[in-house]
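These are the structures, in structure tokens.
In what comes next, chain A is part of two complexes: it sits with chain B in the first one and with chain C in the second one.
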Partner chain A sequence: MQAALGHPFVIALPFAVGLLFWLIAIRERQIGRIQGLSFFQRNGTAVGLFLIVAVAFWAVFMIVLPQLFMVEMSFRPKLPPSAMGGPRDVYTLQNYHYFLFGSATSSAEWNVVHIRAFWLTIIASILVTLGNFLLCYPLAFYMAQVATAARLRFLLLLLITPYWVNEILRAFAFRVIFSTGGLINKLLMGAGLLSEPIDFLGLDVGMYAGLSYAYLLLMVFPLYNAIENLPKAQIEAARDLGAPWWHIHAFIVMPFAKPGIASGCTLVFMLTSGALAAPLVLGGPRSLWFTPIVYDRFYQAFNWPQGSAYAFILLLTCIAFVLAVMRIGKLSLGEITR
Partner chain B sequence: MNARQVMRVMVGFYLVLFFAYLFGPLIIMGITAFNTAPYPTVIPFEDFTLQWFDILFRDKDMMIGLQNSLKIGVLVVLISVPCGLAGAIVMQQVYARARSLYYLVVVSPVLTPGVIIGISTIIFWKDFTGATGIGFLYDGLILAALGQSSFISAYCMLIFLSRLQRFDHALEEAALDLGASNAQVFRHILIPYLRPAVLSAAVMAFLSSFENYNTTTFAILSDKTLTTVLAGRVRQGSTPAISALAVTIIAITVAGTIVYELVKRREDARKAAQRRTAQDAERRELAAA
Partner chain C sequence: MTADVELDGVTVRFGDFTAVENANLRIKEGEFFSFLGPSGCGKTTILRTISGFIDPSEGAVRIGGKDMRGIGANKRPTALIFQSLALFPMMSVADNIGYGLRVRGISKSIRQKKIDELLNLVALGDQGAKKVDELSGGQRQRVAIARALAVEPQVLLLDEPLSALDLKLRQHMRNELRAIQKRVGITFIYITHDQGEALTMSDRIAVMNRGRIEQVGDGRSVYDAPRTAFVASFVGENNAITGFITEAAEDYAVIEGKLGQFRGTNPLGLKKGACATLFVRPEALRFGAPENPIAATTREIAYEGNLTHVGLRAVDGSHLTVLLGAGEIPPVMDAQASFGFDAGRAIILPPQQDG
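After this line comes the complex of A and B, so read on.
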């Protein structure tokens, strides 16, 4: 199929959907199913126009169209500008084919490097997410239910500062600790436990440590917000009735805080699997992480369509994770993103 | 020692460990900024120096990057606060059948990895500006601001939504009954009510933009921001000047946090005093009656 008609179609799509809903709304107002003030009567013309223009610009030009253009590009071949719109500019699955099987000239059956990096990224991200949850849950519970108001304020202040130190500096801090001339090697050698330094970065220890550190705080805040709303009386009642402490957490606090747990886990998973700074700064040349591979499609292979395909694969993974969390927790999207 | 005391000790131990994990790496990095050793290291601590700060502030690329980061931050605030505000107000009024689709669309950037937002931004604006003849918009700073705003607007919207949920619509109706126009209600009732949220959304938007790397590294094209220059420097090799930058950023954040806390305490005290005065006045009036 010729790809030349793709863009006009893609641009028309969100406007068509908007128009459709508008027509349905007008129809329903005619038959009296919707009553009350119309949008412009309610907001006034000037404010109403501002609302529509701002939301349309944001939703259509900053969210929907870029995503659709990226997906559309991932089905195109890589062509020099002169050949665009020509006979070779047809929709193709070759970029996805490359992800699975490698280039047509390679003799290996599967594209082992990319596929392994992809699965490793997903599994490691899930483990990092679980680890962060275990680490942060007690703190969130303590802040929300146990700490006095003054202590709570102090803890929140302590948490805010490292939150605004950017990812690259966080990763750099781990390099200072784990590099061959770094703190841990110096300490171990000083204590006589090692005769020569261990290459922690080459072994990916630094990268995984940096990844589990990077998004810790994004787990604390959603958990804290969720547990904070739990009435203290419920916990006391359970305790009076003789429930052991782990019963209280497993059957009262966690079910209550489910939306917060889900939102913390989704955020941490999404950020970890899409992390670029920690793998770039802490990964060795042989480290496997999916995001730097996507980056290289753009800036080393200069193959934008292929990079789009890889980015779309990552996006689908994140969507699958969100859907899985919603299914397991029986939650709606609104509860996760509160 | 009884069970309660054991529990307390364990909780204290855990808190200390947690914050040691959180701050330890930052503190170690901070110390290396003051060590004369040419490679960022804590031991041996050769001698105290401020030379790395000097080298940092003379780094031209870093300073250009800093300027660009500030410009982008301002642009992001200007784009995402109005968009987030409009998004939140529309969320409350949107046609019921379209609500879940609308919510899905505007909240999706929060759950999308930053690299994907950056990638899709350059792909779309490259083709769109090329085809419509507005090529001057295909500029690193503008694209970085647009890419970051797509998810920062969503953060802003969530801030506004949580404040709007507590809004008393009787206020709006009272103003309309008294003859205010809709625009006046928006201008004189809703906006003042949302002012604290506008401020916190603006601060949050600026800080999120300033520290962003994943989206920016794609959307910035051939320009540079502080974080992309930093990433380049870190990949070239380690120097204590990078630690010096970290110390500077941490110092500014800590100072900002302390100022915010003091202002907030003063405001709380003032509000408490106002409430007391009002209560006293009311009591006196009741006593007089």
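After this line comes the complex of A and C, so read on.
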């Protein structure tokens, strides 16, 4: 199929969907399923118009259209500018085919390198998310239920200030600490625990530490918010009924904080699987994270369509995974965003 | 099984603040015992000390003769019903009640049997599957009671559990609590600032003020024979007349104040010349009675059906209250009248100590 119609279609799509929603709203009002004041009656014409235009602009131009263009591009072949729009510019699955089977000239049955990096990224992101949760839950619980107001402020400051430093600088700082001649190795050797330095970066310890640290706050705050709403009396009631501390956490605090846990884990998982700075700066020579591969598609291979396809595959898989976990945990999207 | 609770010189301090000072008390097994006092008097602190959430700074708490020092709230033979009830919102009614049993690793079938039993005890037979927030206030109250009773505590502690209910329900729940206590036969320790609750439900009451236990006794003795000025004015309504003792005998004394001379009982044996307050209940003041006459003007007449509240202003400007029964004819508004009272129904006590 010729790809010339692609762009007009992509641009028209969000507006068509918006129009559809509008028509549905009108219909629902006619049959009486929606009642009360209309949007414009409630907000006034000027404010109402501003809200619609501002939100629509933000959603359509900042979020929906760029993504749709990426998706559209992922179905096109890599062509020199002169051939774009020409007879060879047709929709194709070749970029997705490449992800699975590699180039047509390779003898291997599957594109093992990319597929393995992809699944490693997903699995490692799950592990980083779990690790982050284990790290942040006690901290969030302490902040929400135990700490005095003064100590809470102090802790928040300690948590937030490091994030004033930009992500790449932070990654390089980790590199300095974890390198063979770095602080940690020097300390361990100085204490006589090691006779020769450990290659933390080669073993990917640095990368996982950096990834865990990068999105720590996005785990702490949803957890803190959720746990803070739990009345102290409930914890005391459970204790009074004989519950040991782990039982209180597993059956009282965590079920109560489930929406916060889900929202924190979703954020950390999504961002970790798509993280670029930490894997790029801290990744060892043997580690193959998926995002640098995507990055290379764009900037090393100059193959934007293929890069788009790779990015789209990652995004879809992550969304599918998150939705599946929410389904298992009996959570709705509404609860997470509470 | 039930147990007695003994407070032996219990003092609780928070920094410089002394919440409970030298509490000595023995609550008998199977007793319905109330701590009555205004908010901030330390009654909740005592309850939390008994349940194990607070360690006493000094003294000891003994339950069933056993010193509870070092034994956490989760290991004590007590169960606490919180003021907020603290039911678990993400669990069903049945799971709430069964929580304590689940913690103890009791099998599901035995647990279910016990839950059904308790649901019947608190008259919630078919509500087990509901969520807590689908219940009314009174039903939630009963779930909290059932949840606490499920772990078969020897002592049940109740921290103003009725304060969130409306008046009708509160009165109904009083009777119900009392009935449940009779049925299960364990010690109930009840915290309240509502003297009506304390008087109607309790076998004995401890009246507390500023961290101290002022008086312990059954409802009748706390109401009829207060031994401190605080108890006299906090439990029920009371008219206070201050002055000096001008005449002191074994049982009786005469107090002289701005309103004149009045005779009353002298249970603490106050001496002549001492500063004192005479307390007389509104229902003991009688229109036109010859003994202990007080001249006053009627300022307020509130008819309440079975009773009539009459507010008086005495010649020195102080306010007095008279309670008239249904048969008695109230005086006319804004009229001068003389009231009197029987010396046997007035009590002379030392004035309330401040600070």
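Keep this in mind: the second predicted complex is superposed on the first by the 308 of 338 C-alpha atoms of A that agree within 3 Å, B and C clash if a C-alpha of one lies under 4 Å from a C-alpha of the other, contacts with A are read in each partner's own complex, and residues count from 1 in each chain.
Following the convention adopted for this analysis, contacts are C-beta pairs under 8 Å (C-beta built on N, C-alpha and C of every residue); 3 or more make two chains touch, one makes a residue touch a chain.
All values derive from a computational prediction rather than experimental measurement.
Superposition of the two structures on chain A shows chain C fitting alongside chain B with no clash.
Between chain B and chain C, it is B that contacts the larger number of residues in chain A.
In the overlay built on the shared chain, the residue A:V253 is in contact with neither chain B nor chain C. Within the superposed three-chain model, A:L315 lies in touch with chain B and out of touch with chain C [touch as defined at top].
Looking at the shared chain after the overlay, A:G242 reaches chain C, while chain B stays out of its contact range.
Look at A:Q234: by the touch rule set out above, it reaches chain C but stays clear of chain B. The superposition-derived angle at chain A (between chain B and chain C) is 70°, Cα centres, a multiple of 10. In the superposition on chain A, contact of A:L218 is made with neither chain B nor chain C.
Remark: least CA distance from chain B to chain C after fitting both complexes onto chain A is 6 Å. Applying the stated touch rule to the two superposed structures, the chain B and chain C interfaces on chain A have no residue in common. Across the interface of their complex, chain A is touched by residues 51-53, 72-75, 78-80, 82-84, 86-90, 99-100, 102-104, 147-148, 150-151 of chain C. Partner chain C is touched in their complex by these residues of chain A: 231, 233-234, 236-244, 247, 251-252, 255-256, 258.
Those residues of chain A that touch chain B in the shared complex are 7, 17, 21, 24-25, 34, 39, 41-44, 46-47, 50-52, 54-55, 57-59, 61-67, 69-70, 73, 135, 138-139, 142, 146, 157-162, 164-177, 179, 181-183, 186-187, 190, 213, 216-217, 266-267, 270-271, 273-277, 280-281, 291, 294-295, 298, 304, 307-308, 311, 314-315, 318, 322, 333-334, 337-338. Residue ranges of chain B in contact with chain A, taken from their complex: 11, 14-15, 18-19, 21-23, 25-26, 28-29, 32, 39-43, 82-83, 85-87, 89-90, 93, 95, 97-98, 101-117, 119-121, 123-125, 127-128, 131, 146-147, 149-150, 153, 158, 162, 181-183, 186, 207, 210-214, 217-218, 227, 230-231, 234-235, 238, 242-243, 245-246, 249-250, 253-254, 257, 261.
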